[in-house]
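Here you go, one structure.
To keep things simple, chains are lettered A, B, C, D, E and F as they appear, and every chain counts its residues starting from 1.
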């Protein structure tokens, strides 16, 4: 399958409701390097996504299995920075905040608009996150 | 495990009825690069293949799980080319032909016998496929 | 280094004149999975790109070496399809046309605008390429 | 997630009772190289290990599924070498000994203490294994 | 080559003066998955390390080539944390501090001694780094 | 590029005199998984092999660089086993025999002809190698 299709495929599959999508490099018989595409989706989206994969990729079959998941309860907030607001994703485990992650798209936009390096932006934002959310994280 | 064994192992496992076989590179504790071997087989072949893996590889255990599959209905045909006949695999989804793939072994034989590049052979054959099966594919 | 930075980094490095950029998965001492980033660039862009890598990634050093290249002479053309024009890249080896590749961005736009699958578009375009350029390719 | 954490994480997860742990390189949307961490554990350890993964890694979710396993019955023995004793792991399939593997930690210690290459030690030990266990292996 | 040897090999090669060492997964003819081991070393250590690789691995040949490097000027400092001192590595580009990285071994020791998660330790230390070194980094 | 071509390509490139050939999985811009093909060859074969790669793969360019090699002096011998003769490759470093490797093709043929497992054959042969060549190896 032409490798140029993946970016397009990822977008389409995510638009159809996939929760996650990723590829792994595998090696098949007769020295064939290949790509294993994995999609995580809700059971309701299985048929729709399977059809898309069969029609848009070179595969003749799609395997699937049921997985359970333990996920952090998620909450989204905006935090203030000197460059403007940035979204952060909060993750709670059994009621306790244990993880805060900035929205990278926002950081990239800031980096582009202000001509500052992405690394510096991230450093700033992680410091703000540290100060605003620290107490709960360390509890 | 000696890497020279894989080619032999692939052949043996496929002879025993495996539907597919592939490897992935994984990394284990203590900086050990390793190879994860995956075999897709029918439930009836599970014991036979498991035994083969335990006897012929360095592993002390084989994990398995049940997967469902959605597969295209397959049909095999011969198409005529100026170099002779070539097998093609047709894939139908809900009654519609959506995929036609040449048998690569045939293409390689032609390339070898006629001293033509594999790439050119493939180009020719894809064009014949396009003309013969196109209407149904595009419906 | 946060993996979210790569997409941004790829764009920046290409804007600075890199000819190509890619990553490979490597494993370092102490079980550290890591990413080796490779950039192909002209000698004149070496300093600029090295500086960018040192500032925007977590690395403390950049290695480089000189490579020679044999490349096909490239030419760009537009071909007509029933959906509009599509750019194709032609590759010549010692004066002979040996390769024609459609511009995938164009194919994706057509697929999106006409609600047709990318796979079908590609099939159509490869057929047009076959008919228009075939003689030279097969010589 | 910082790649330096893996060695520590592997140790912790194994201390909590995991049967095995390994990583694979995957590629996610938006050109993000990532690491998929897989842990094999008993059902009773699932919650404890899941909690550890959620707290100590950057993930917001852990997927799990049930696998069956066919494993060789294991037995541990000491064999004598000219450098001292070395542990070996014996694997039985349906009552027959089919595999004998030296304990690599022991071999490394010998290599270090005697200033001999690891390769030579292994050669010696495999020869002793061959002589001591050969009959059963070949039955 | 037995994968258990890698951890030992990494240590030995680093003791002999290698600057860096890492592995990549490659695929050879006849479906052989293999591991490509790369060592970065000074020219003076080339012979010693080559000999070690030839004697301790299964390879029959070692390839080498000369690379230039652009590296950040490095400086090591101790910073105070509520858990004790932690080493940090500072990286200067053309006289400007552009990177500060904690010594992960120190962080792991603290995590182990105080029963705190590695993630929290890192968060704390990155905050101290931010406050102590920020001005120079952002200039 | 169709992954089915690799086996054919490997054979052709080796027939043209390549010393070694292998692939690695890489990731390019726009989420494109790709395969990096590496060929080790003598300088005299460079042009012939480059031409083959440009004509038979989808690439528009081939990079190359000069490497030095330290290789073991090789010698081939036949050893007797109860199943017949097997070729072994001997490797000498500065005049000393340091490595003996059986020819895997021979072992596979024996395994197939006698219906014995490849693993057992290898065990037998390594034992014979150990007894015949051991003294020199340990010197």
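Just so we're on the same page, contacts are C-beta pairs under 8 Å (C-beta built on N, C-alpha and C of every residue); 3 or more make two chains touch, one makes a residue touch a chain.
The structure displayed is predicted, hence computed values, not measured ones.
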item	value
Numbering shared by both copies at the subunit B-subunit A contact, with half separating same from different	different
Greatest separation from subunit F - chain, by CA centre	A
Which listed pair, E-F, C-E or B-E, duplicates the contacts of C-D in over half of its pairs	B-E
Farthest-lying chain, centroid of Cα atoms versus that of subunit D	C
Inter-chain centre distance, subunit A versus subunit E - centres from mean C-alpha coordinates, in Å	28
Subunit B and subunit D, separation of their C-alpha mean positions in angstrom	31
Centre distance in Å when subunit D and subunit E are each reduced to the mean of their C-alpha atoms	24
Residue list for subunit F, restricted to those that touch at least two other chains	4, 10, 23-25, 27-31, 33-34, 55, 65
Subunit D-touching residues of subunit B, taken from the complex the two chains share	24-29, 34, 36, 50-51, 54-55, 58, 60-65
Subunit F to subunit A touching residues, read off their complex	3-4, 6-7, 10, 23, 25, 28, 30-35
Residues of subunit B touching subunit A in the complex	10-11, 14, 20-25, 38, 40, 65-72, 74, 89, 91, 93, 98-99, 101
Contacting residues of subunit B [partner subunit C, same complex]	27, 29-31, 33, 120, 123, 126-127, 130-131, 134, 137-138
Complex contacts: residues of subunit A adjacent to subunit C	2, 4-5, 8-9, 55-57, 104, 108, 111, 117-119, 122
